[in-house]
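Have a look at the structure below, then the notes.
Per-chain numbering from 1; labels A, B and C assigned in written order.
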Amino acid sequence: MWIFGFIALLVKIGLVLGGLLFVAAYLVWVERKLLARLQVRLGPNRAGKFGLLQPIADSIKLLTKEDIVPEAADRVLFLIAPAIVAVTALLMFAVVPFGTELLIAGQVIPLVVSDLNVGLLYVFALSSLGVYGVALGGWASNSKFALLGGIRGAAQMISYELALGLSLVPVVMLARSFSLVEIVNAQADYPFVLVQPVSFIIFFIAAMAESKRIPFDLPEAENELGAGYHMEYSGMRFGLFFLGEYVHMQILGALLAVFFLGGWRGPLLPPVVWLTIKMILAALVMVWIRGTLPRLRYDQLMVIGWKVLIPAALINIVITGAFIVY
Amino acid sequence: MTLYSLLFYLLAIIILASTVMAVTRRNLVHAIIYLVVSFFGSAMLFYLLGAPFLAAIEVIIYAGAIMILFLFIVMMIDVDRHKERLFPIRQCLPAIIFGLVYAAVGLMVTFGHSGSKASMPIAVATPNAFGRFVFEHHWLAVEIVSLLLLVALIGALYLGRLKIEKSAAAGKETP
Amino acid sequence: MQTADFTALTPLLLLAAAIAAVMLQIALKRSHILTIVLTLAGLIAAMLGVLAVGDMPARQVTPLVTMDRLAFFFIGLILTATAATALLGCRYWEHAVGQCEEYYLLLLVAALGACVLAAAHHFAAFFIGLEILSISLFTLMAFARRRMASVEAGLKYLVLAGISSAFLLFGIALIYADVGSLAFPIWTARLQAAGETVSPLLLIGMGMTVIGVGFKLALVPFHMWTADIYQGAPAPTTAFVATVSKSAMVALLLRLFAPVDFTAEPALFWTLAILAFASMIVGNILALRQDSVKRILAYSSIAHMGYLLVAFLSGGPAAIAATVFYITAYTITVLGAFGVVTVLSRTDADADSMSDFQGLFFSHPWLAGVFMAMLLSLAGIPLTAGFIGKFYAITAGAQGGIWWLIITLVLTSAASLFYYLRIVVAMFSPPLENKTQPPAAGISYSGGLVLTVMTVLLIWVGSAPGPLIDLIGRITQ
């Protein structure tokens, strides 16, 4: 019956990818609308009712635009870089559970693409590989602004990855597993945000820094660097960077839900819906913050990462450990 | 040939090819990228051999952290993009000699050794089991290695703290 | 994890506690005096720990280390040498760099690495200990950051130690492929059982391990780093490299190869014998041509490790005892010699050239006397520790019947007198007219204390070696 399992797997992958891309497209719309409201504007309102067709118009535009590679660029790396960003972001979703098992025709189908026993580390591995997309994109463009953006991006993501990882150690300690499915199972009684509020805040801040959004958007700071690491990109390659960012937002929302908010758990509504609601809520908060806060200075960014978040996360680990042992 | 061994040889070829490319590239950024591919391949190999924890750590630490720091430095160096030629023979020769020695040793391990016929049992070390083993049997090693990391940190901090000392020295010398 | 484990590890635990205490103290409030006091307190506590548990039966703690009498003896030696280095550093660092508290922290960690090496029972412990020691040493060598020579020394050591570590690791991997275990006893048993038909894999692995050990001991042909690093590194660091790093490695040498019967293993014997022979010849010949005191001491250290290998290779009943005695006497002597160099150093550069020592007798008669005693001990003149060490080595070698090595030892020792006496002659020559002598205030209480203790030990061991020989005899049973 492995054929059946294989087909089920393919279907799951297809659904997840389709869902991710769809939500990514409409997340852009939501962000633009919401941001416009926050800034007392109207936002996109021409394509379709409320501008609902805007994402489709945008993607057609990006797909049909000319794909320009600068003359002095490192061609191969320049072409690969956006794909790295998008692919690593999409692959991360493989370990996120979106429900318990499903019974179809006597077959048990777990509602997760792959339940790795090192799921959490898998997420980190992919997110650390994602840094290459930013760094290489910046370097391969052979432009000073892009290079500066790439270097900033690499420095920022490396710094905040530490805080991100350390903030999750207490969660792993409580759940006694790296597997995302097990972590959700461990929150059957109460979500971890109630016992780990410090971890939750550190994770949320670090996650925003990882997705390079305001107030952490130094790699693409438009008034200093033009557009930073993706300055020289056009057409769909730019679109891939863009897609990567919005998929990243979703995945971070999903991880936030899985690690702290009980994942797919929730009353009444089906699990998938609960996970989506939590995910979108997290993304909306990120948009809200983008509309509210100014950008950090580079030294402030580093101070917050190294001197505030990491020590706080370490102390949190020690305290959690003490509580678990005694 | 089973799927398992097919995957093994595929990964081995990827690792070997990318490592050779990493060693021979003159463009440092390209060398680093090939090295990252090589580390990634090794991680896959670890996973295939039943050590998922090690595989994840390999990617996170080697491919994700150390190589990014390399890239960080190299990106700021102005590399000559168009001269992709081999190193002069003077530099290659010792490498070739050592390479041949290593190849001979490798062949010896593969063919000449009596134990080579025994196949290893396929086992999976879960993160849990791995952690238990390390902290129950090698707790002393863990502690000592932590000191190793500590001293590297202290050394790097001391040597990297040039600015403060210069200003302190300047302050001392002026009056 | 039992109480007995922790009891056996007492000295290491106390040392680790000292590291933590010093680190916290530096983080909270920088104070040179406080750091020195804490460092010395930690070292003395660890030494007391050695005295308290040193007589206990050997105990293996995890597969990694075994705490037996040999380990405790070497740990004691390492701790003493570290304390002496720390004391020597007091005055030296006060004005040489802006903030120098990290020096003591690094010394403590390096000492811990050396202790792990001394107690190693497993290739993993060997490697980890070696790396702790090496990484601390890079920084200790480059510690005087404003001197180019110091930074250069650190960098050179970093690169070369990295290469030697790579060899060592590859060797360890090959040994593991052949033996299937990384524990020392299993390895030596395998070597013993194989006899002359040792597999090529094991042979290459062994050769690579010898490279790793030879690099640290600075045996010819792995000695290239020695002179530059001895000269470039700050004098207290050089003292540390020459004593702690060497004695830890000798302890490891004993653990690795002492259980092997050399008559059954000619390959290993000849490898080490040729290294010893080359070290004695090359070290002494190169030392003859030097004009820098630190370089002379560097090349003499290469030669001395050759002498030590002669004692070790004799394979007779006295081999281990002679080796241990030799390294002890050598440690005392070298600490004294570099102590004098440190004390005479100025803040901008170390006392190094012959002219720095010219006429020392007339400005600092005591220092000149101490330095002369140390040099005579290195040359192996009677009534010094060095003489007994060499005598012991020759006796052991005679028992083992390795006459060609003994003859080399005697001849090269005689040649070595020339360069040691050159320094002595310089010290007793009239001072140079235009040379500004180092200020008399340069000799601190701490430096004086170290020099006094080392001189007393030197003469004591040299004239009445009985107690030390008894102690070593008890250890090496």
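Please note the rule applied: a residue touches a chain if its C-beta (ideal position, glycine included) is under 8 Å from a C-beta of that chain, and two chains touch if they have at least 3 such contacts.
Note that the coordinates shown come from a computational prediction; the quantities given were computed from them, not determined experimentally.
Contact with chain B and chain C alike is made by no chain in this entry. Chain-level centrality, scored on Cα centres against the all-protein Cα centre, points to B.
The interface carrying the most C-beta pairs in contact is the one between chains B-C. As a whole-number value, the distance joining the C-alpha centres of chain B and chain C reads 31 Å. Between the Cα centres of chain A and chain C there is a gap of 54 Å. The mean-CA centres of chain A and chain B are about 28 angstrom from one another, to the nearest whole unit. None of the residues of chain B touches two or more other chains. Those residues of chain A that touch chain B in the shared complex are 72, 74, 77, 116-118, 121-122, 124-125, 128-129, 131-132, 135-136, 138-139, 147, 150-151, 154-155, 158, 161, 176-178. Partner chain C is touched in their complex by these residues of chain B: 101-102, 105, 108-109, 112-113, 115, 136-141, 143-145, 147-148, 150-152, 154-155, 157-159, 162, 164-165, 168-169, 172.
Within the complex formed with chain A, the chain B residues making contact are 29-30, 33, 36, 40, 43, 52-53, 55-57, 59-60, 63-65, 68-69, 71-72, 75-76, 81, 126-128. Against chain B, in their complex, chain C makes its touches with residues 1, 9, 16, 19, 23, 61-65, 97-99, 102, 105-106, 109-110, 112-113, 116, 124-125, 128-129, 131-132, 135-136, 138-139, 142-143, 145-146, 170, 174, 177-178, 180, 199-201, 204.
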